[in-house]
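Common to both upcoming complexes is subunit A, partnered first by subunit B, then by subunit C.
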Partner chain A sequence: MTTATDVTAPAAVEPVVAPPPRRRRRTPVTWVRHGGLTTLLFFVPLLLSFGYFSWWPILRSLVLSLQQTNFLTSTWVGLANFQRVLADPLLGTAVWNTTYFSLLAVVIGFPIPILTAVFLAEMRRTRGLGSALAYLPVIIPPVVAVLLWKAFYDPSENGLFNTILGWFGVGPIAWLNDPDLVIPSLVLYATWAGFGTGVIIYLATLMTIRTELYEAAEIDGARILRRFWHVTLPQMRGILLIMLLLQLIGTFQTFTEPYIMTGGGPENRSLTILLLIYRYAFVAGDYGRATALSLLLAVALSLLSGLYMWATRRWSTS
Partner chain B sequence: MTATSASLRRRRRHEEVAERSIISTMDRRQPIVRAVVGIVGTAVLIALAIACAGPLLWLFKAATSTSTETLAQPFAFWPSGFHWANIVQAFDEVDFARYLGNTLLVCLGSWFFGLLVATTGGYGIAVLRPAYARIVSAAVLATLFIPGVISLVALYLTVIDVPLLGVNLLNTFWAVWLPASASAFNVLLVSRFLMTIPRDLFDAARIDGAGAVRVFAEIVLPMARPIIGVLSLLTMVAAYKDFLWPLLVLNRPDLQPISVALPRIADNTDLAVLMAAMFISVLVPVLVFLVFQRQFIRAAGSAGALKE
Partner chain C sequence: MTPIRRRTALALAATFTVGALAACSQGGGTPADGGGESADVDTEAAVTISVGNMPTTENPELRADFERKLEAFTEAYPNITVEPEETEWAADTWNALIAGGTMPNVISAPFTEIQSMIARQQVADVTDYLGESEVFSSLNPSVLAVAQADDRTYAVPTSAWTMGLLYNRDLFEQAGLDPDAPPQTWDEVRTAAQAIQEKTDAQGFLTMTLDNTGGWVLTTMSYAFGSTLQNEDGTEATIVNDATAGVLDYYQQLRWEDITMGSNFLVNYDDAVQLFASGQVGMFVQGADNYTNMVVKNGMDPQHFGVAPLPQQPNGLGTLSGGNLAVFSPTSTPEQLAAAVKWVEFRDFRKYTDEDIAVAEAEAAAADGVAVGEPALPVVDRSVYDQWLSWVEPYINVPRENFDLYLSTVEDVTLVPEPPVKAQELYNTLDSVVQAVLTREDADTDELLQTAQDTFQSALDLG
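And now, the complex of A and B:
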């Protein structure tokens, strides 16, 4: 094995003919002879890929946020980019819209896959069919689904959703054109598009819950609803907490839905933070300002995750 | 679990008395419970069918109806018969075959490079384990916790002027393929899987004189087939669905995959033709899903297990 000998840095290797047979000495030659070079070769794709397209861009973001750059020259501007971000009156709008979107997506979108999975777990013969149906929206490319839902949200009387509402004597509703309804409409779509993943993941978790727990609860006289409350939910707690955090992180980076459905309108009421970043960078060409805002969002999300982890850990120990 | 109890369980499942969940077999003997389970179960299934399959069926209807029919009577089923011509028009007028071809190229390339990085990297981290593996694995893991938004702009600037090489990848498929391969999730998935293989197996192969390359090609790759299947599905689907990144780096219309091309043509294309194009774009993944349904569900499940 190579583990013991390849502590030396991967230095340039000269093609020496006869290496000394002493095992203990760690020279580049013994490193190569013990397969160090081959091992390193296996790391090359990963190192190149992550180096160029993950690690370097992250480091570069930190630099870019302090610079004013066009493609030819970059000048250091200190915290000016951050000042310009914070001075933008649209920032408050974008932060509010994004927070509203995320919280509403949790309220509407979080319980639905849990309940669906719990019901499907009880359905023995149709479980496979049900989970396949639930996963169908996840398969559809978001762009197609968004365009399709944009057609459903047609504000005219003959729009698909308005026709359905018309059967009950309600409407027509302007949906995406109504400043107060645009975010709820986007959340409704996002819930539909994403709940299948949750269903599959929760279903897999539900199948791992030990049957003895249910049997014990049953012997203690717990009825079906109480078994759900006292056995199922506590057993799912770990995955529920992770999924909630992942959903928050995901929805705070919402882009495709408002970009295609509304372009941020009406009256900037669906302008999300990521859409603002996109506008800064790729409409206005102001890369420094865009990076500064990205960095602020990333820091906020990291703080949120840290706080969340800390809170849930405290809560579970007490 | 012992072999006997496993076979017993299998036999029981065969008799339609599967493993229990919240509701026990005894509960199910009560007629009220049976009725409620039956009714609620059917209701859930109908709701899922309407909510999830309904929009796709409607899309099929809109793709084979005229624009005015779709706009005026969204729930009328083919009042003037099927209009298959919409689908032909999508290929003739919108150049849809090219976008489909581009999508295929994007998917295949992302799949290849994603798999290359994940399998070799996962092998290095989990099996070869040189001294620096720990640092590399920590650095890979760290990117999993950093929100993707942080490097969007910097990644774009990297792609239009790759450091040290000085090439511009804008409007080439490399700009989509390579960044997609830097997925910490994929690397983690493979290395976690390889860590569950007993090390004795690799040691035995080493003693028999197999080098790192042979162990990789003849032991690791064949054994990792299930996880490679999962990974293939996840990378292909992700590439098929991706929108923002290809939108940024593939400006030229003749290079765009359908996800970028569709919104661009949406506003100035006849609705029926657009719906036909959308229907074809949905048909491909849905058919693949129906064929590999079990694998998809397993992939999503194992992705969830990793999150835990």
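And now, the complex of A and C:
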């Protein structure tokens, strides 16, 4: 982008130096002279790659959601795929599980990185080491990490977590095998796996808060909690709102954890919306239903995002 | 994210390849009139074929065996260039292979899939190419029938299996049981599980529960207890039946009364294989053709591997069986189909008719540590199979004496095929039934079966 700006810059300033007569129109020649070709040249790869890999598949999935297909022959079925998705009793289960996962992930997973970042920001000497350690889980490939945690969650007395709990006379706990604990267990893993990224982003934001604000607050007699509440949080508001939205969207698309750890079990108690889409497509071979549910999810997330933006804008202006 | 990427790829690939597939499928092996005639193909012309199922580098012995066969094949047929791929059939990638036009000219697929592949025109008709081969005439007709529709043949069966009771002979000895007299009734299985649980560190019995395996085994057990789970033409689900309820009761007894099924009930195929091969499980129901999987791939002591015929209740229907077949891409040219059929013949069947080849292959395989003479259900006539066994006898490195009961009865067992329609969806629906019984002591089996019945019936109704 910088290069593009640099290239077009000399052309762009030309009119300022010598303003063209008013009746002179933009012709292809002037467009080329003003760097239009160069701009286009830089734009084309972006357009092609986004078009080919993102926008076209989105259009295709829209078409697929209205068809029944085996990729050799396709039949138009109207909104039948959507009706079948909405009539599936597992949809309610998947929506409930996913919402529960998301809410729990917000309650548990959202504050932890903020507090860790605030804590690290106060540590002047070991901040680098601390943030590196916090980021470490993110470096482990998700599949490896999930498999590791699957072993940690071994429900027998010899499982890692159950061994530790055993030292305190607790357990053994069935973890992923317990229908009531399976979602909280997955959230615990997701929090561990994702909090490093949050810490780094929050820490970077914290470093940009001007120290004068804290000094002024201190002079006014504010203690640490009031300083956090009245200075730190308001200064981080923008990034907090964005991160919360991203987390909501991300958790509503949870797939890897239940896919590898539980396969949606026990008894579909960890079946998420994306896992249901996967089952439609790759167990039932029904791409129509899979794309229909994908689109429904996309619409729901768009509405959620819109509502969220509207609500937070009101909040921030008040 | 995987499904979205896959779907994206599918959507893209579908757009660009549907036309090509449709166009090519007309040229690929469209039969002449009648069956068994030779196709009009120039077999001397230079041709390149892609073949799937090359073993991955994680299995060096099997890969070496494959490469040796490939080298010998190239020597025998210098005009055929073979491009091997590690591509394998999988339920979740098959449609992508078809849609993307990346299906190899020949690849292995399970018995359960072939009829729907034929119906969707996803595989080539190879009837006219098999006629040229004497070797294929030794194929067991009842096995070959799996690959046929309307008197045309669309695949070559290369291996067959029955379900069986796998048991760890070492744990049997430790528990004071006779490893040469494996359980032959479900009551005996229960008693043996109790003994193993009590006298060893292993769990007595295991059942898989994830990725459709729970349903697969529940279906197998239901057959053994006396019922199928859908009617013959696959239009009606028959999940609510006394036999399946009996299996769930049996699970409940082992799980909650005897406590012989361990504590983890989220177990997929690979988990189960590792648990069994490492001696942590006494018995489980699995394909009886798992010797290579357990011993060669997962390092189990050959002397510890035991396989017994699947016990049957008095009114049991028989043993669920299946197998693999070589299927051919409909986009192949006639020359490619002829070459691909030759490859399958060379790789899987020449050993049955040519003693020198049989001996050379067995010698090399044994030297590489590949199993020779493992328990299996022969796809060729018994006499042909026995002849092959006698040829390779000096190189048999599998303790066949340990499988006496299985080997002596395998051909008398009534074989029951997998459910004809939407088998994977049925298994997937039943997974949660099995999980419920194993994770909730108060699980109401009648209610679970009724819910599964309703769910699967609506899947069948969708067509």
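The criterion applied here is as follows: the second predicted complex is superposed on the first by the 274 of 318 C-alpha atoms of A that agree within 3 Å, B and C clash if a C-alpha of one lies under 4 Å from a C-alpha of the other, contacts with A are read in each partner's own complex, and residues count from 1 in each chain.
Everything that follows uses one rule, which is that a residue touches a chain if its C-beta (ideal position, glycine included) is under 8 Å from a C-beta of that chain, and two chains touch if they have at least 3 such contacts.
What you are looking at is a predicted structure, and each value in this text was computed from that prediction instead of being measured.
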item	value
Contacts of A:305 with subunit B and subunit C, given as first, second, both or neither	first
Contacts of A:99 with subunit B and subunit C, given as first, second, both or neither	neither
Contacts of A:268 with subunit B and subunit C, given as first, second, both or neither	second
Partner chain in contact with A:27 - subunit B first, subunit C second, else both or neither	neither
Winner by number of subunit A residues touched, once subunit B and subunit C are compared	B
Which superposed partner A:284 touches (first subunit B, second subunit C, both, neither)	second
Contacts of A:249 with subunit B and subunit C, given as first, second, both or neither	first
Subunit B versus subunit C as contact partner of A:56, first or second or both or neither	both
Touching partner for A:141 - first (subunit B), second (subunit C), both, neither	first
First (subunit B), second (subunit C), both or neither touched by A:177	second
Residues on subunit A lying within both footprints (that of subunit B and that of subunit C)	52-53, 56-57, 60-61, 64, 69, 71, 154, 156, 253, 255-256, 259, 274, 277-278, 281-282, 287, 290-291, 294
Residues of subunit A touching subunit B in the complex	1-3, 6-7, 35-36, 38-40, 42-47, 49-50, 52-58, 60-61, 64, 69, 71, 116, 118-126, 129-149, 151-152, 154, 156, 158-160, 163, 192, 196-197, 200-201, 203-207, 209, 211, 214-215, 218, 224, 227-228, 231-232, 238-239, 242-243, 246, 249, 252-253, 255-256, 259-260, 274, 277-278, 281-282, 287, 290-291, 294-295, 297-298, 301-302, 305
Partner subunit A, residues of subunit C touching it in the complex	1-4, 6-8, 10-12, 14-15, 17-18, 21-22, 91-92, 95, 98-99, 120-122, 209-212, 262-266, 268, 422, 424-425, 428, 431-432, 435-436, 438-440, 455, 459, 462
List of subunit B residues in touch with subunit A within their complex	16, 18-24, 26-27, 33, 37, 40-41, 44-45, 48-49, 51-53, 55-56, 58-59, 62, 70-75, 113, 116-117, 120-121, 123-124, 128-133, 136, 139-140, 143, 145-163, 178-179, 181-182, 184, 187, 203, 206, 211-213, 216, 237, 240-241, 243-244, 248, 258-260, 262-263, 266, 271, 274-275, 278, 281-282, 285-286, 288-289, 293, 296-297, 300-301, 303-305, 307-308
In the complex, subunit A residues that touch subunit C	52-53, 56-57, 60-61, 64, 69-72, 84, 89-90, 154-156, 172, 174, 176-179, 253, 255-256, 259, 261-268, 274, 277-279, 281-287, 290-291, 294
